[in-house]
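Next come the structures, one after another.
Look for subunit A in each of the two complexes below; its partner is subunit B in the first and subunit C in the second.
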Partner chain A sequence: MVDLKNLIEITKKIISREDVKYIVGYKKGTYGFQIMPAFAYTPEDAEEFIYSPLCSKNLAVYTILEEKLPLKRGEEEDKRKIGVVVKGCDSRAVVQIIQEKGLKREDLVLIGIPCRGVIEPKKIEKMFPNQTDLIEVIENDNSEYIINIGGKTHKVPKNELLSDVCKSCEFPNPPLYDVLLGEEVEITETEEFSKINELDEKPTEDKWEYWKEHFERCIRCYACREACPLCYCKECMADTLNPQWIRRSVNLSENTAWNIMRAYHLAGRCISCGECERVCPVNIPLMELNKKIERDVKKMFDYTSGLDEEEKPLFGMFKPDDPEDFIL
Partner chain B sequence: MEEFEPNIIGFLCNWCSYAGADLAGTSRIQYPPNVKIIKVMCSGRINPMYVVNALQQGADGVLIGGCHPGDCHYSRGNYLARRRIAVMKRLLEYIGIEPERVRMTWVSAAEGRKFAEVVEEVTEDIKKIGPMKKIRRENVW
Partner chain C sequence: MENLVLSKEKLPEMLTEIASKYALFGPIEENGFTSFKHINNSQEINLDYLLTRISPKSLIFQQTETLFTFNKGKEVKVNTPKTDEAKRVIFGIRPCDARGYSILDPVFEGKKEGDYKDPFYTKKRNRSTLIGLSCNKPDLNCFCTSFDDSPASAKNVDILFTDIGEKYFVDIVTEKGKELIENLSKLFSKASEENREVREKVEQDAINAITRHMNTEGVVKKLDKMFNHDLWQKTAMRCVGCGICTFLCPTCHCFDMQDEAILKEGARIRVWDSCMYPEYTMHASGHNPRPARMNRVRNRIYHKFSYFPKNDKIFACTGCGRCIDYCPVNIDIIDIIAKVKEAKT
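The block that comes next holds the complex of A and B.
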């Protein structure tokens, strides 16, 4: 459990330092179960920081979104650090970005939070629809969420609202941090991401029927790309015109190509935060693709992403004895 | 009814597989004409999106040829390709595209006979599963 006072105190202390530009954290939203990202430039801004099981957003994405304009003559580069509040998966995303040389470790201040799992917004909105007031959710020690709505207290078992990816999370504690709030969470036995196994056993035609139904719905809004902390290419393959890898038209063929490309580009990089699936407006189970690749990569190459800054990227290295049973 | 003749795109590496295919030709070895060869400098050059795009644009199967492990002209290209294609193949299989459609092979410049055999095998497999209609691009203009 994260002590809020502690969080604010530490944030204030860090933002008062001269070499820190701003800190990204969570603050209350405006209605329902919303949580917003907050940017603290001064110690006063840090007052509104919160942490609750509703904080499902992956803030690591903000570290790479910062736009660096060309410098004017005589102007010096702002070399101050950026602070981020990170959960287990967010921290892994940061490690992965550092590993790919997208960020430098010395440019970051990481406030680590041992995560006990976050609530899936889609699930809680289904359970308590159309809320206009701001609602707070607290987790108690008996694996229950206490939700106060209009003076009425609801107790909901944790398992009903917990995000699917959190159920199978193996790294709730951030592997990389400067300050850790509270004590590390004990790693309990995790469920396997079982949806993959079910589909894996079906014949090819059934698999295609399943994915066809999903990909036909895709509107190619690219929200999955924008929310993903690891989709930070300056120019995405989907946006290039020469060569045009994917045509602009929204149809089954192009949608499938896009979804294959997105999943494949995250092979050996995805850190299973589940943001892509959370932001998808048409509820495509994108995490199934990511988890499938993650499991294959683990099985074939014994590789886990986002744990070691010094490790080489999966597709940038090889072992002479990689599996080659599929080769004729 | 006419028998289905598949279109197979062969991405062959310049140094081994392409020379292997060349040898098959000069040695007058018969093999099915279904494979359309695109020469690339190295199997590591093959972007896995080539495979998807080929299937979108009318190929019924894709054959990727590289040097034997350890023989790569650029010393490690075929090892990298092996990893990439292994992951891509499994992803395509999971999405519901028959795994027989994407094949990879090691053919050296001396293995004209092997190249002919591989092409025969791939063509036969794809004839069995029929044309690729799932992700075919419709509006070709």
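The block that comes next holds the complex of A and C.
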């Protein structure tokens, strides 16, 4: 359990340092179960910080969203560090970006949170629809969520609201952090790919029918890309015009190209935070694509992304005994 | 305005009749959400829905529109694509979404004689008859009443259906609506005073059920003084720059045009774009007048609450709440306007 006082105290201490620009954390949203990313520039701002099972958003994305605009004459670049509150998967995203040299370790201060899993916003909003007042959710020791709505207390088994990705998360503790809030949580889950294996065994035609239905309704809003901490190319292959890899027409063919190309660009890099699927406005099960590749990478190269910042990324290394039977 | 009632049992018959003469569009639930789709069988329609995930602007202002096709080579031929000329009926559109069309009209149809009329939009718009459906139970983020509108507003539709229990109360609003109903008059009966009272109660209950409100009084003038306010930077810090708010919005209408060709054939297409993307304003020179997310977040608010009302005397927001519902980082347009009102300038 994260001690809120401790979180605020530590945030205050870090933001008081001269070498820290701001810290990204969570604060209460504007209604219902909403939580919003918060930016603390001063110790007073840190007072607003909270942490609860509703804090699903992967804040590692804000390390790469930092905009480096052209400097005005006489202006000097602000080289201070950015602080981020990170759960297990968020920290893995940071590790992965550092491996890829997208970020430098010394530019970051990481406040680690041992994560007991997060609530899927869509699930809780479905269970308790139309909540205008802000609602707090806490987790008890019996794997239940305690939800207080208008004076009435609801106890909901954790499994009913837990985000799907959390159900088989092997890395709830941040592998990289400067301060860890509380004790590491025990690892009870093991990664399992039963759903992927099931889909994999179906004939190609069935698989295509399945994905066709999903890709057909993609509106190409690129929320999957923007919410993903590992989609940080300066120019996305979906935006290049010369050559134009993917056309702008929104149709099955181009949508398929977009979704499959994005999945491949995350091969050996995706850290399974589930943000893409969480934000998709048309319910495309994007994690099924990512999980399939994650499983194959594990099987073929015995590799798991985002665990050690000193390690090389999958595509940056070679072993003589790497399997090559997929090369035609 | 003529008032009729239609018993709910007769709805499938009415829809079947309409579908035999018109291309009928209505809300269908698939994959956990509702969208407007072409209806072949009236049983497919889901009227328990409140808002379709993607606004029905997509029926008139299509996400991808082929403007013309061409061939490459020595003799270039340009062909205008054959347009679908069938008359359409859009059944079950919510009053706020219908208002969205009225907001888009000056953009695509012009405001006065001689203004350019976009043929693709205009054709689809003119061929469509709108049968609205009042909202009995508004959603958490509904705030149409903040724009002098109502969950049972008949202002922007041709016919309005209101669920009054066993029956629908039917407001025939326009000539177009009258024409549509004419051949179906056997299905309807005259509305009684009692029916009208129930309709009014339903409307009032729905208005009372709206919990969130946006106070837009004086916002246009206030925004004139807030271009450099730090509210924009603060809000933009958490924006991730996706296009959900603009793509789901019933009034956002920015588009991109592209030539897409394979070997000898090609087409010029028009496709939805979003001012939330840096590429949207990127100049060929490499200069970008809206280089940061701050500029883009600010532009979205200014377009809806400053530029649009200045040009067209109407806010480019219908109060449907989609951008609030689906924003991954809780950027809440009601909250932003409240902050604009509070801000010191």
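Note that in this section the second predicted complex is superposed on the first by the 318 of 328 C-alpha atoms of A that agree within 3 Å, B and C clash if a C-alpha of one lies under 4 Å from a C-alpha of the other, contacts with A are read in each partner's own complex, and residues count from 1 in each chain.
Operating definition for what follows: a contact is a pair of C-beta atoms (placed from the backbone, for glycine too) under 8 Å apart; a residue touches a chain by one contact, two chains touch by 3 or more.
Treat the numbers as computed from the prediction; the structure is a model and nothing was measured.
Q: What is the contact status of A:Phe318 with respect to subunit B (first) and subunit C (second): first, second, both, or neither?
A: A:Phe318 sits against subunit B, while subunit C stays out of touch.
Q: Just to be sure I read the superposition right, which of the two partners does A:Tyr264 touch: subunit B = first, subunit C = second, or both, or neither?
A: first
Q: In the overlaid three-chain picture, which partner chain does A:Ser143 touch, first (subunit B) or second (subunit C), both, or neither?
A: neither
Q: Tell me the contact category for A:Ser194 with respect to subunit B and subunit C: first, second, both or neither.
A: Neither subunit B nor subunit C is touched by A:Ser194.
Q: Thinking of the overlay built on chain A, is A:Thr42 touched by subunit B (first), by subunit C (second), by both, or by neither?
A: Neither subunit B nor subunit C is touched by A:Thr42.
Q: For A:Ser249, using the defined touch cut-off, is the partner it touches subunit B, subunit C, both, or neither? Pick first, second, both or neither.
A: So A:Ser249 meets both subunit B and subunit C here.
Q: Would you sort A:Glu209 into first (subunit B), second (subunit C), both or neither based on which partner it touches?
A: The first partner, subunit B, only.
Q: Now for A:Lys292: first (subunit B), second (subunit C), both, or neither, which partner does it touch?
A: first
Q: Identify the overlap between the subunit B-contacting and the subunit C-contacting residues of subunit A.
A: Residues common to the subunit A contacts of subunit C and of subunit B are 247, 249, 251, listed in rising order.
Q: Can you tell me which positions in subunit C touch subunit A when the two form their complex?
A: Residue list for subunit C touching subunit A: 30-33, 35, 53-54, 63-64, 139-141, 211-212, 234, 237-238, 240-244, 246-248, 256, 258, 260, 269, 271-272, 274, 277, 279, 291-293, 326, 328-330, 332, 334-335.
Q: For a test of understanding, state which residues of subunit A touch subunit C in their complex under the given definition.
A: 29-32, 34-39, 57, 61-62, 65, 67, 69-70, 129-132, 213-214, 217, 219-223, 225-227, 239, 247-251, 275, 278-279, 281-283
Q: Mind pulling up the subunit B residues that touch subunit A in the complex?
A: For subunit B paired with subunit A, touching residues are 48-49, 52-53, 56, 69-70, 76, 79-80, 82-99, 103-106, 118, 121-122, 134-139.
Q: Quick one: in the complex, what on subunit A touches subunit B?
A: Answer in residue numbers: 196, 199-200, 204-212, 237, 245, 247, 249, 251-254, 256-257, 260-261, 263-264, 267-268, 289, 292-293, 296-297, 300-301, 314-316, 318, 320, 322-324, 326-328.
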